[in-house]
Amino acid sequence: MTIPHWLRVALLLLPGVGLIGAFIGSVVFIAIAQSFGYYNLTGESAFTLDDWRAILDRRLFERSVAYSLYVGLFSAVASVIIAYPLALWLRKPFPGSSLIGAVLKAPLLVHGLVAAFLYVNVIAYHGIVNQFMQWIGLWTGPRVLQNDDNAIGVLILQTWKNMPFALLLLTGAVQAISDDVLDAARDMGSGPFARFRKVVAPLTVSALQAAMVIIFIGAVADYSFQAIAGPINRQSMAQLMVFFKGDGQWNNAAVVGVSLMAIALIGSGLLALVARLFVKGASLR
Amino acid sequence: MTQSVVNRLLMAALLTVCAVWLIIPFGMAILWSLVDPSEPWTPDRLLPPVMSFSRWQNMWENSSLKPALITSYTLAPLAALLSMGLSMPTAFAFGRLSFPGKEFYKLVALMPLVVPSFVTAIFFTSILFNLGLHQWRFGAIFFAHAIMFMPYGIRILTVSFEQVRQDHIDAARDLGARPLSRFVVAYLPALKPGIFATLLIVFIQSIEEFAIAYIVGTPTLTTIPTLLFAQMGQDFVRPNAAVLSLILVVPNVVFMLLLERLLRSANPSMASGKG
Amino acid sequence: MSAIEVSGVTMRFSAFTALNNISATVDEGEFVTLLGPSGCGKTTLLKLISGFLHPTSGTIAMSGKDITRLPPEARDTAMCFQSYALFPHLTVKENLRFGLREKRVPADEQRRRLDPVIAQLGLEPQLDKLPNQLSGGQQQRVALGRALVMQPKVILFDEPLSNLDAKLREIVRVEIRRIQQQNNLTAIYVTHDQAEALAMSDRIVILNSGKIEQIGTPRQVYHEPRTSFVADFIGSANVMDAVVKSGEGKTWNVDTPLGALELHSERQPAGRHIKIAWRPEAAVLNGNGPNRVTVRPSHSSFQGSYTDIFFASNDREFRVQLREIQGEDLSREELAFSIPPQQLKLLEAVA
C-alpha cells in the first residue's frame, strides 16, 4: 500500500504535533476570545473591549504587571550573573570539580514547592536563621522574615531554582570554546575580564539567550513561590489570574492571561535582543 | 596565589555555602518530620525532644496522603505511556523523513513549553467548562499531562530515530524481513534508551506537575504537589508539610539520577535539566 | 537465460544522472565486478539490482523475470554490506539465522543450511558472541555467512573489504572467490580497487560517470583497453595522441610524440586522430625492432621488484618499467628501448 508522501507525513505528525497545536491553539484561542467577551460562562457572550479597558485602568493590574516583570527580570539576570563565573571556573576539570558541579546542580532535582517549604521553614519565626542571628548577637529577638514586602523570598527561591539551569546551559557552551582561542587572546595581551568580554561572552551568547528566555518566562508566570513566600499585598499576574477565575470573573482572568502570554513572549524576545546587543557592545569596547 | 590554591579555597567556600544551602534546609525538614506530637519542638531546644515516625504513620493513615499518592502514581505512568505513544509517529517523521516546513513543525512541538503553565491550566479548564466536561477531572489531567510533556518525548525520540542505522534497515529488508520484524530488529535497539528516557521524564514531570493538577483537580482530586501546597496554606502544620516534602523529593531525586544515566547512554551530548 | 539482465537502465536524481542507459548481463555462476572511481555509478547500479532503488527508465530481469519494481525483501538477492550491518543486539548465530526465520524455513532445513556455511567460514567458535566482540575480519565473515545461508540466486557485494587492513584484504578476497566458486554462486561485486577486480573476477564492468567504458575478462581489459580511461584506470599506461599516417589490415603507421611508430592490431583505428597507449612494462631494454626509442631519463624510482624510469618527450612525461636484477643499476644518462608493435593499443578517437 503506497500512499502519497505528504499524506504519510501528515498522518505521522497528527497525533504529535497536531495534537499539541490543537491543544495549545485552543487554549490560547479561548483565552483571547474570553478576553474579548466571548464564551462568557456567567453572562452574555458578545464581543466587547470593555474588559480590556476596565482591567488596564486598574491599578491592581498595573502593579501586578510591574511586579511580575520585576521578578522575571531579576531572576533571569541574577541566575545568569551567578552562573557565568561558576561555569568558567568549572570549565576545565580539576579534583572535586564534578562534585561541585553536582552539588550546584542539585536544586534541579528539588521540586519548586518543596524548595518553597524548605525556605519558609528555614526563615520561620523560630526557624534556624532567626535562632542563628540571635545566637551570634546580631538580633535581639526573632523577626518576621516571611512574606517580606520586597519579595526577597521569591527572588531567592527563583534564583536558587534557576541558577543551576543557567549553569547547565552555560557550562556546555563554555566548554565548547577551544583552549587555543583563549590562549591566543592571552598571548595577545587580554586579561581575564577582557577575555570574557571579547571571547567568552560572544561565543556563548546563544546559550545566554536561551537561559535568560526560559528563566524569564518561568519566573514572570510564577504562582507557587509567590503564593507561599511572596509579599501579601502584591500579586503576581498568575496569582491575579487565578483569583479572577476563582471569583468567576472569567473575562478578567482572560485579559490577565493574554497579557501574561504577551508579556512573556515580548519580554523574552526583548531580553534576548538586549543580551545580544549588550554582549556585542561589550566586546567592541 | 596559584590556580590550584585558589581552586581549593573557592571549593571550600562553595562547599560550606552548599552545606548551608542544602544540608541545613533538608536537615530541618527531616527533623521536623520526625517530631512526635506528644511534645512540640520549641525554639529553645536544638533537636526535637521526642522523635518518632508517628507523623508519618498519621499522615499515611488519616490524611489525603493515600489518595494523593494513588492519584499521582497512577496518573504519571499512564500519562507517560500515552505521551510516548503520541510522540513516536512525529519523532519518526522528524528523525527520518524530509518534508517542507519541518523546522516550523519542530517549533510548534515546543509550544507547550512557551505558554505559561497557569495560563494553560486556567484556560484548559475554561474549555472543559464550555464543553461540559469539567466533571471528568482525572481524564482531563491525564490528557493534559500527556500533551504538555510531549515536547520532551518528541525531542528525545527524534534523536533516537536519527540514530537508527540505515544499513541495518536495508540488511533486514534484504534478508526478507516484513515491516514488523524490520522495526524490531533495526529500529528498536536504537530506540530503547530513548523510550525509557521518555517514559521516565514524562513520569517525573507528571508527578511534579502543579498548575494543571491544582486548577483542574481541586477540590476533589489531589496529587502530591497539590496536597503539599494545601498543607502550606491555611492550616500549616509544619511536621506534616515536612513529611510531604520528603515524600515528594526523595523518589524524585532517585528518578532524576536514573534519568541522567539513561539519557547519557541514549545520547552522550545531551544533558538533562528541568527548567 | 542470464542470471541478471540490465537493459537500458537510466537513474536520475533530480538534475544529476547517476547512470546513463546501462546494459549488461551476468551469467549464472559468474563473478562480475563493477569497477570504477567514486561517483561512477557502481553502487547505484548495485542498489538497483538489489531493489533499494528503482530506475528512472529501463528494466532489470532475473532469470528472465522482470524484477524492476520488486522491493528488496521480495527479490532473491542477498547483499554483503560495506559496514557489515550486523544486528548489534543479536549473537552471531542469531544474525546468521535471521533471514531464514523471516522466510519461516523449518528448523531442520535451517540446520542443513547453517552447518556447512559455519564450517566453511570457520565461525563455530564465534556463534554465541555479539558483533562488537568480533574483529573486522570475523564480522566480514558473519556478513558473508548471513547472505550465503539464504542461498540466493545472486549474491551482491558492496565494497566488502574496504574496512579491512591490506594483509587481511588479500586473505579474505581469496576466501570470497573460493566460496563463490565452490557453491557456484552468481556474484556481483562492487569495488574501486582494481587489484581486487583483476584477481577475483570472471568479468569486469568498468564504469565512469554513469557510462560503461568497457566490459571484459581481467586479461582483456588489461591487455586490450578500449579507451584511455580504461588504460589509465587499470594498471598504469602511457597514453598519447597519434595521427594515423598509413596502413592497412593489421599494421598501421602512426605519428606520435615519440616519433613515427608501427602498430599491430586486430581492430581498426577509430579515426585519423586517435589516442594510443602502451604499458610501461612493455618496453624492451635495448630492444631491436621497428619502434626503437632513445631518450634522456629525467628521474627514476627504485621500487624493489622493478624500477620506474621517467622521461619527457614533446612536453609529455612517459614512464618505462624495467626489472632490475641485483647488481645491475638501470639509472643512466641515456636509455634505449623498443616497444613491440602489438603492445601499442588503439584507443578512442580524439574529437
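Just a few scattered comments:
Chains here go by letter, A, B and C, matching the order in which they are written, and residues are numbered from 1 within each.
Throughout what follows, a residue touches a chain if its C-beta (ideal position, glycine included) is under 8 Å from a C-beta of that chain, and two chains touch if they have at least 3 such contacts.
Only a predicted model underlies this, so the values are computations on that prediction, with no experimental measurement involved.
Note on interfaces B-C and A-B: more C-beta pairs are in contact across A-B. Chain centroids computed from C-alpha atoms place B closest to the centre of all protein C-alpha atoms shown.
Centroids of subunit A and subunit C (each the mean of its C-alpha atoms) stand 64 Å apart. Spacing of subunit B relative to subunit C, judged by their CA centroids, is 58 angstrom. Separating the CA-averaged centres of subunit A and subunit B is a span of 18 Å.
With touch defined as above, subunit C holds no residue shared between interfaces to two or more other chains. Those residues of subunit B that touch subunit A in the complex are listed here as 4, 7, 10-11, 14-15, 18, 21-22, 24-26, 28-29, 32, 42-43, 85-93, 97, 99, 105, 108-109, 111-120, 122-127, 129-130, 144, 147, 150-151, 154, 208, 210-211, 215, 225, 228-229, 232, 238, 241-242, 245, 248-249, 252-253, 256-257, 271, 273-275.
Interface residues of subunit C, counted against subunit B in their complex, comprise 50-52, 71-74, 77-79, 81-83, 85-90, 98-99, 102-103, 146, 150. Interface of subunit B with subunit C (complex): residues 165, 167-168, 170-178, 181, 185-186, 189.
Looking at the complex, you find that subunit A touches subunit B at residues 5-6, 8-9, 11-17, 19-21, 23-24, 26-28, 30-31, 34, 39, 41, 89, 94, 96, 100, 103-106, 108-114, 116-122, 124, 126-128, 131, 142, 160, 162, 164-165, 168-169, 172, 214-215, 217-218, 220-221, 223-224, 227-228, 238, 241-242, 245, 250, 253-254, 257, 260-261, 264-265.
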